[in-house]
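Presented sequentially are two complexes of chain A, the first with chain B as partner and the second with chain C.
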Partner chain A sequence: MVNSYIPKTYKEALNLLAQNELLIIAGGTDLMVKFKSISGLLPKFKKDMLFISHLAELDFIKKEKNSIHIGANVTLEKVLNSKHTHYLLKKALLIMASPAIRNMGTVGGNIVNASPAGDTLPVLYVLNTKIVVESLDNKRIIPIEDFIVGPSKTILKENELVKEIIIEDKSFDYMVFEKIGTRQADAISKISFAAVTNIKNSNISDFRVSFGAVGPRIVREKELEKKVIGVTIDELNGMCNLICDNYSKFITPIDDQRSSAIYRKKVALNLLEEYIKSIK
Partner chain B sequence: MAKIKFTLNGKEINITIDPTARLLDILRDQYGLVGVKEGCGEGECGACAVLINEVIINSCIVPMGTINNKSIVTIEGFSETKRYEVIRKAFEDEGAVQCGFCTPGMIIASESLLNNNPHPTEEEIRIGLSGNLCRCTGYNMIVKAVKTASKRGEGLW
Partner chain C sequence: MSNISKAIEKVDSEEKMAGKAKYINDISYNDMLFAMTLRASESKAKIIKITYPKIPKGYTIVDYNDIPGKNFVKIIYEDMPIFAKKEINYYGEPILLVVGEDKAIISDIINNIHVTYKVQTPSYELKNSVIYYEFEKGKAKEIFKNAKKIIHFDYSTGYQEHVYIEPQGLIGLYEPDKITIIGSMQCPYYIKNAVMQALNSGEKGVRVKQATTGGAFGGKEEFPSLIACQIAVAVLKIKKPIKLIYDREEDMEFTTKRHPSNIKLQAAIGINNEIQAIKAYVALDSGAYIGLSGVVLQRAMIASSGVYTIDNIEVAGDVYETNTVPNGAFRGFGAPQMMFAIEMFINHIASELKLDPFTLRNKYLAKQGDITSTGGKFRDVIIMDEMIKKVMKMSDYKKKYLKYSKKDNYKGIGMSWFLHGCGFTGSGEQKHIKALVKLRKEKNNFVTILVASVDMGQGIQTTLRKIVANILQIPVKKVIYNNPDTDLVPDSGPTVASRTIMIVGGLVAQAAKLLKEQWIDGKEITIAKRYKQPKHIKWDEENLRGDAYPAYSWGVNVVEVVVNPITYQVELIGIWEVYDVGKAIDERIVLGQAEGGVLQGISYGMLEVMKNVNGRIQQKNITDYIIPTSCDSVNIETVFIDNPYLLGPYGAKGAGELTLIGGAPAVALAIENAINRRVTKIPVTPEYIMELIDYGEN
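So, the complex of A and B:
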């Protein structure tokens, strides 16, 4: 049996993290499954637990000039229903898990869980999301692609807590989110794909693409994106095969119980091809 | 161990308990609320669904440490309401119950949906029930039952 801490305030949570080695639990939708025991017994947590889902300081959604700030404790369902939420994030949330899971699971949890198949992640990557983490004496703002370093691995330190995420609030001419899964609800993605594009005077002015569940991390290649900035729509369509070839190197899926590597790679590249051809 | 305060089917409860204990186990073992079923135990089948602060949640993955000051309503508590009567009758009339194991969760999902959206479209009903598995009915009768309940329960939600 482990010890559990239920702090009254956010400050108290940071204090506890400064003094103890703790596993932070918010909604628990991932951790309660990961550490599941036999029915009737306590979950097999290895570390003392810090409960944070009740902390009101982390439960907010606010719109600022060019960004949306979402507290780490906001449930996925609340994000889905907020008028401030970006269209593409709503699209991902609508087919994520089920109402019962979305009522508990949090945005902070989906990020810190750092699953390559995390449903919000491809969208958060293309929207240039930043993660705000705090400890008792420090605050860091980290781009999401630097925050997540591998499956279930982030650079969050033992004494730090994710406080909020900052999402770019920008509209795009072309936006897409696709999820391939076995069952519509509750399925863990076999492949997910998010892309946004802006056109200015029939030239590509902004182009961002990300893939989920096709490697240890979400794939977003900014160098490849730069190569199409400034080209015309016709040129972009002409470059379609080349772009797919370039991305092919970065799409390195695995075989597992949900799908095969060969299927994942083929479908990921098909989604990219279809997206490029949709830009007219 | 920690002191947790919550309301269970309208009654105030104060208990000292391990905050990592599953709400599902506490409801069934300590309070005898066995209408709350355990199916998958991983949040994917919805058999253990309860209402927490009026929305559907899977009690198999809820640690007790997260329910302080919240209101929990199980199928037993909900069965004392008029809304339940309407949903129950609609489930009976549409043949939405076969083996019955998923039914408490399905009824909780129906209530959570109708409470938020009293006149759902068929698609909205299917999304509302999407976290609940039924291996008998093929779902169409359940979807129809929710539609019927929505019509008959005009003004209740």
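So, the complex of A and C:
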């Protein structure tokens, strides 16, 4: 049996984390599955639990000058329905899981779960999302690509809690999100793809691409992105094969019960190629 | 009620929608214990030794030593044990039950039982044939010997998992001279007979009661007999109520599935491009035990010319045992595999011969009076012409087919033609089942239907009542039909093979007519009616010759798709279906069968991937095993055309299985049309489509 802690305030939650080794649970849509037991028995949690989904201090969506701040507790459905939510994030949420999961699951949870197939992650990567984590005596603001270090692995410390995420609020001339799932809803991604591009005076001024479910982490290669900054649209199209070749070595999917490595890789590159060709 | 087809409210819809219906997991008893299964962790092995942890008081191990009767689950052959004794033949084979009050402690005991195996080499290839059948119509062998041109294609189909809404589950109850089994099932008397053999008891020693059943699709035909025997043995030993319910993953991993198949088809082509003869060979993977596989093979083989009349046919088939989870009954029962293959094949013959497929198919379409693959006769009117015209008009098939065939636009349309033999294959009804039904008019003038047929969601509780009420001209509310209890109802046979409306419903209708003649207000009257095979139906079980089925239901499906050339994903655009089920007893209920069936068939054809790797099922939950959601479906247009069958109640024939059979070939043909590549296996997944676009033949 494990103990459950239900703090009244955010501060109390940080206090509890400072004193105990706890597993943090918000909507539970990942943890309840991961630790599920045979029917009729309690989940097999290995640590004492800290419940946070009721903490109002983490349930907010705020728009600031160039960014949107989303509290870690905001449910996926609320994010989907907020007028502040970035178009591309909405696109990802619209086809994510099912209404029941979206009503329970949180943005913070989707990030901390750190699945390479996490549906919001490719979008959060291209939108330069930062994760705000706090402990009783410290606060860190970490870019998402540094925060997530592997499948189910983040650099969140035992005494820290994800407080909010900060998403760049920028509009783009070209943006796309594609989820290749096993079916139209309630599906886990075989591949996901997000990309945004801005054009200034017919030159590429901003170019960001990310892939999900094609390796242990979300793939976003800033060095490769830099190579196309400043080129013209025609040049970009001319570089299409080269760009795909460059990305190819970072796309290292596996065979599993949902798809094959060869399919994942080919479709990931098809999506990139199609996206580049769409920039005219 | 002038028109029997006019929909009435389903009698169980209110209690089901309100959540009031009691499924097996909603039922419990004082003192009730739980059971869980210890399963083999090897695919092929001998058990050397089992070491147990200290078993706490109140917890019991139940294994083969506790079986008073035979350690076999009675079905057709004595091959599958109730509990493995020494031999392990598949990963997950049940070895024993742990029974007790607290599931956590049971689970703990199971985790601490250590089985020592002598591991042997398992076989996963189709090498070990355990059943072989063959038959010939006309002079196929001779024609193939002298054939100038032979067209040959190989087809394969994968597993399909039932994913019934409610997993397998039963409760066993103890009385000094009787064991009662209650639960989710299709065939109360199969279970009764199996448990009697396991307990070595007489008729009166075993009682089986159906609980409200949340879907079955064939998966609750023979499988529940296994767990019923296990539970009965446990109840006999412990003398308390015991519940055994599978979790979804356990259910998906270790219960029966649709047989994977390899089908080789050859056509001998004459000088005028005519099909002189067809040669079919079917290989079915039975898994570790035969179970019903031989009968499934027969149905597949009999379907080997599809809806076409081919004068010369040579058919052979094997059931192969492998060290994998046993396969079993599934809606369609061998026909979906073969109907996929033959529908693709006739189109592939057309493309090889550069003929219009529609013209070629039409040329061989069966007509009334034609001889069936087994040398029987299509005795009744066949209205496929009308059905095909109808579906083509509804779907604008011709125009779309021409347009999509010319252009490389990744749009496609496919049409399947199919039939399904209603009732048991061959003389099954007459020789083995011998269905008996009773109607009892109560003193208060209510009428009770006494049959062993179960409602598993397909609506028989409503349709049988409707038949009786309509014949007796009494309100449906005055007809009683409780979930069957073998102590109260006669053996009207299992709820399988699209036989319930046609055979059982037919007997019920005959009994109702007799009752009407003998009706006396206020008096109790019981009418019994036993099945008699129509005299003109002859079947030679040894040689698979004669009339394999008393009647056939027919169907036409059209599916339109668009394939994404970047991601190879298939989007359904439209589904159109036309059926001849004789006469729909309730239009809305048959529509439910039609829409669910066609979607289950299409999904078999494009979505449902299940594989075993080294004998282990890889997709064992509904996250990984993909059945369609409402978002994956599209508008389905369905039409039934009446073609009453003389011996069915109000002309009704089978409907439940038929509706699944055409989905896979229709969607596979649509995808073929869209990508201009030949499809030879299902499911046609995006991964397979990618392969076909890159390397496939057109």
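Keep in mind that, in the parts below, the second predicted complex is superposed on the first by the 280 of 280 C-alpha atoms of A that agree within 3 Å, B and C clash if a C-alpha of one lies under 4 Å from a C-alpha of the other, contacts with A are read in each partner's own complex, and residues count from 1 in each chain.
As a convention for this text, a residue touches a chain if its C-beta (ideal position, glycine included) is under 8 Å from a C-beta of that chain, and two chains touch if they have at least 3 such contacts.
It should be emphasised that the depicted structure is a prediction, and the values quoted were computed from it without experimental measurement.
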{"item": "Touched partner set for A:28, first chain B, second chain C, both or neither", "value": "first"}
{"item": "Which superposed partner A:260 touches (first chain B, second chain C, both, neither)", "value": "second"}
{"item": "Partner chain in contact with A:101 - chain B first, chain C second, else both or neither", "value": "first"}
{"item": "Touched partner set for A:43, first chain B, second chain C, both or neither", "value": "first"}
{"item": "First, second, both or neither for A:185, with chain B first and chain C second", "value": "both"}
{"item": "Partner chain(s) touched by A:6 [first = chain B, second = chain C, both, neither]", "value": "first"}
{"item": "Touching partner for A:18 - first (chain B), second (chain C), both, neither", "value": "neither"}
{"item": "Which superposed partner A:141 touches (first chain B, second chain C, both, neither)", "value": "neither"}
{"item": "First (chain B), second (chain C), both or neither touched by A:54", "value": "first"}
{"item": "Those residues of chain A which chain B touches in one complex and chain C touches in the other", "value": "39-40, 98, 184-186"}
{"item": "List of chain A residues in touch with chain B within their complex", "value": "1-2, 4, 6, 25, 27-29, 32-33, 36, 39-40, 42-43, 45, 49, 51, 53-54, 77, 94, 97-101, 103-104, 184-186"}
{"item": "Contact set on chain A toward chain C in their complex", "value": "37-41, 98, 178, 180, 182-188, 191, 257-260, 262-263, 266-267, 270-271, 274"}
{"item": "Chain C to chain A touching residues, read off their complex", "value": "36, 103-104, 107, 245, 247, 566-569, 607, 611, 618-619, 623-624, 626, 628-632, 686-687, 690"}
{"item": "Touching residues (chain side chain B, partner chain A) in the complex", "value": "2, 18-22, 25, 29, 38, 41-44, 46, 49, 52, 55-58, 60-63, 65-66, 68-69, 109, 112-113, 127-128, 130-132"}
